[in-house]
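Input: structures, listed below.
Both complexes shown next keep chain A, but they swap its partner, so chain B is in the first and chain C is in the second.
Our next item is the complex of A and B:
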């Protein structure tokens, strides 16, 4: 072996050793957190996409949770068994990948011994993670995980049907879109040609088209004049936009997320495709829509659960806190849903009367689960009253947002109707 | 043709109009596909250079695309530098990554089985992408960042066919880089050395060719082309994202195999064909079958011409 080869061999060896050390350290960092429960900490897990595809949804949602946890802990924590206990929020990044989310979910349940697992955001990941849960309560033949889990975002219709341990605080999407279509028809109709574009590799977008938009069109005896698909990673949308334009689309349903929406709308602008109305879903609620899309995304309308323009003082406080922590100028609804979700979980924990000891973990989880299922007339920080329905979906009012003047403006509320 | 007629919904068109619009859209889609495919060709050339010389798949090539895209984004969107400066910065950044790939994944392992450096490039790709995503997510609170496109919204109209200026610029840059590569390979001593090494490393050594240095230059060159492709992909999409490398690997490898592994004309033909196939399958059939149609085309080509569309049956290295 020459001197040079020896040096290279040494370099590789050192690299290998460094890798082994890194693996050891990371294993140590993710070792079971059981001790925390004995130290007076309530463990909650938070799984969302914090990097890669989905960052726009995951990061704001996570920050909303962190703000809530900080607030609860600043007040001394939650009273459990006569003692104040602080919340320990364990954060995991699923990168919007089901194969990453599933082991993280298992880790949260089995190694971290989380009382509740919150997350995740992308329906395809949530559905895969919840596949680990016991499907029916008290089924002795089902050895699935028994830990309450609540997603504050996954929009795919019926996603909580996977397990009776699964809950969601994201709204009733079919009802949201029915309302959006109805209101737009009343204001700008009649329309001649309804067309749709679907992000074909994204479970939520496909489900929204099939379970929300298509039934809404069926109820009107309307068949989509044109239907096109694309992927979130696509960069050329010329064919799809041309087809929509040729179809003389005047009511455009954009069942797609910002990753593709921006490119598609820029192409629409290039081709001069400007329908009278464009409605979209929660996937459009991201700053990129206006920052990257600029003029091309003007006029898009989508439903929202919580908006920073709500009059409740706590919403303004949350928006200010979010802006202070991130330097962002716009607070998407995921922040509010994250914050609100943790507060809902807190109330369930308080009402459940848990012991928070290692030996009572299974019983504590069940008590919290039952409290989540029983949520009635919960007063949200945003001002509305929330209820859990039989499908374990929180029922909440719908509001509409419109992209106007390079910003997201609250456009319609149940109380005041159209605001502009 | 009155402008309003261009907006006639398909179901209400008369037969003649339908034929007219069909032909118009078919032509436009073909042109868009060719222009867009030129970026695929650039990525494929990067793969081809290394495959032709070393017979290894440099799976880390996507990293050069990603780094080129972000270097371009920083130069165009943040520093506001002109297009041609940005391209040079992107190519230089890509070349730096190429240097690392050579030093980490190839040089220390050049005597190992050919699968070993390939796996090393796979590891390098995953490692760098993961690290980059973490850094990116720390600095940018979002999936994508804007990439300034000075040619956006500008186009040349030939009748009712529109040529996007940014696509034309992409084609022009790709063509210029291909001509430069041809000149280098067939008109310079370095190119002669590369061709010799492509045939046999040992003969090159015996003839006094500094094989190690030439291969390093090949890595730099291949990666610089990846960097240029990254810039152009980001510019035409108006955005930069950390997963650009992974997407480029798939498209680039496909283009190389379709056109003919190890053949530069093959990489060009493969890239352009892929661009047209993708758009035409969406137009003529459905987007839902786009990837299936493209894969079917690849299978058919490989069965009929295992050497690819433009590859030679034997010894078709550079």
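Our next item is the complex of A and C:
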């Protein structure tokens, strides 16, 4: 073997060793989740984007779940078949990518033997994951996975239609936006020019425009004066903002997430585009909107499910716990939805009367699924009463938030109306 | 195991995507348009099983031909371009196809759908739901991984044979010097188009397999990023030999998964490994010379020539 051959061989060997070392290290850093039943634990899986573009939504949601699990376990766990069992929450990061979410969903269902899979949060990924589930219950021809799964964030219209094992606790988006438009019209109307901006490469924003905003405008016999599109990753919004400004838009519908919203609103500020009303969806519920957007995002109104200013003491406790763990000053609704979601799952497990043994896993999953489908008059920690509808979406009251003074202020509640 | 079977299927799909890049890479053409052929294959393949009642293998084959047709459509006019000009043309094509897929709507209404889920088939930006062929036909992840890898093996054997044939020498000659190739009577355009179309065929099949694995697709899945990653499989693995794309795609798909337990650090560690490869192996993990040396360790040095040298 020549010197060069030796060097080449050594280099390849070094890469091989580096790879093997990396794999070994990674394997050592974890312990497999097996034989959970014998250890007296209930396995729940949690899949969300903990890194990448969806982190702003995934991390708070995950933390909400962790706080709930910690609380349940601190109280001794869940009573199952006569004994208290603790919850083990297995966390997986899908990076908001479907090709990562699909294998992870299978891992949770078939390797980790999770009783329930929570997540994921990006509708695009949720759609692929739930596509693995059995479409119709008891269909012998359908070999899909039979494990209940609940997303606490995927807002895209129609997502739960993929499978009868799929549930959602994210709110009814068409109802949310209908209410937001109605309230804004009552308070600040009449408006002359309704315009929309849609994040065209993001399924939820497109679906919100098609299934929520457009029907709401249709019901009023209004055609959008101007309609513009941008992408989640765009950095230049000058043309779109100019169009919206030229259309004399006074009612602006921002169907887009924070990644684009901040840049678009900064451009709007630069061009002096200031409509009377701006409404958005939950994609605006992230601290970055005020931290990066500063003055430009002032006045944006969006719906929320749970807000840290709710009077229920448990909400204040959760907000304090979240702040303690993250050092953040604002608790987005995703924390509350994550916390509440785990509590809903817990109640379904308790009511299902499961055995939590390896041989009863399939039956246990079905029982929990049926309990989730049957949720009626569930008393949320946040003070409201929740019900599961026929589409397996939890029906919940809508609240509005307005970005004011660099903060996300609770703006309208069903009980008190406008708060300022 | 089903998790690893899913990873195996994804790896196989990525290997096919890598070979689709490699096909034209052999003639010196760098295509960033594979995402387009992959996307066309995904939509055609899924449409055939969901709307047309086709079986999976037929759908995958037809998707391959659709990918080939798309690559022929773009290849004939653009392969006259050279180097970066061709690459940029493929970028433009990929973006155009993505926008078309993003807005494509055909199919039929669903009678029992929830609000927002009342359409069977591609529904514009909402995407293409209910690609449930695997579940509906009781195909397990293990079986699906097997199907994918059978196709991969066939493609690998195909490249193995091509690499040892006169065609590979011609393509490598075109890669080395197009003027010389033309001067010695090689119909350069014909070979370049043929290689590009082969790549389109493989990308189309790969796209169809992807759609059925993921159960839901949308135009946003087929962005330029996908093409650049596919190109990276070839560059990192090694573009001088057919083993390079195989190694590159496997490395890119499996290593991040095996590193998953170290959570946030996995991407950093993976990135570090890639930087190390590029620093110490700029021609990729496997070079043609290394393959020749390993495949004929007993042969005298003089006989271990590059294919073009022996042409």
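Here, the second predicted complex is superposed on the first by the 397 of 420 C-alpha atoms of A that agree within 3 Å, B and C clash if a C-alpha of one lies under 4 Å from a C-alpha of the other, contacts with A are read in each partner's own complex, and residues count from 1 in each chain.
Convention: a contact is a pair of C-beta atoms (placed from the backbone, for glycine too) under 8 Å apart; a residue touches a chain by one contact, two chains touch by 3 or more.
For clarity, every value in this text was computed on a predicted model and none was experimentally measured.
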> Fit or clash for chain B plus chain C once both are placed on chain A?
Replying inline: clash
> When the two structures are overlaid on chain A, which partner does A:56 contact: first (chain B), second (chain C), both, or neither?
Replying inline: first
> What is the contact status of A:111 with respect to chain B (first) and chain C (second): first, second, both, or neither?
Replying inline: second
> Does the superposition put A:158 against chain B (first), chain C (second), both, or neither?
Replying inline: second
> Taking the superposition as given, does A:245 touch the first partner, chain B, the second, chain C, both, or neither?
Replying inline: first
> Touching A:72, do we find chain B (first), chain C (second), both, or neither?
Replying inline: neither
> Now for A:200: first (chain B), second (chain C), both, or neither, which partner does it touch?
Replying inline: both
> Which one hits chain C, of these parts of chain B: 98-106, 152-160 or 206-214?
Replying inline: 98-106
> Which chain A residues contact chain B in one complex and chain C in the other?
Replying inline: 8, 11-12, 50-51, 200
> Given the complex with chain A, which residues does chain B contribute to the contact?
Replying inline: 7-11, 21, 25, 28-29, 32, 36, 107-108, 133-134, 136-137, 140-144, 146, 152-153, 155, 164, 233, 236-239, 241-243, 247, 278-279, 282-283, 286-288
>> Considering only the defined contacts, which chain A positions touch chain B in the complex?
In response: 8-9, 11-12, 50-56, 59-60, 95, 192-193, 200, 225-226, 228-230, 233, 235-236, 238-240, 242-243, 245-248, 258-259, 262-263, 266, 269-270, 286-288, 291-292, 326, 328
>> Give the list of chain C residues in touch with chain A in this complex.
In response: 1-3, 5-7, 10, 102, 113-118, 124-127, 129-132, 134-141, 210, 213-216, 218-221, 223, 251, 255, 257-264, 266-267, 269, 273, 276-277, 280-281, 285, 287, 290, 293
> Okay, in this complex, where on chain A does chain C touch?
Replying inline: 5, 8, 11-12, 14-15, 18-19, 22-23, 25-27, 29-30, 50-51, 92-93, 98-99, 102-104, 106-107, 109-111, 124, 127-128, 131-132, 134-135, 141-144, 156-162, 174, 200-203, 206-207, 210-211, 391
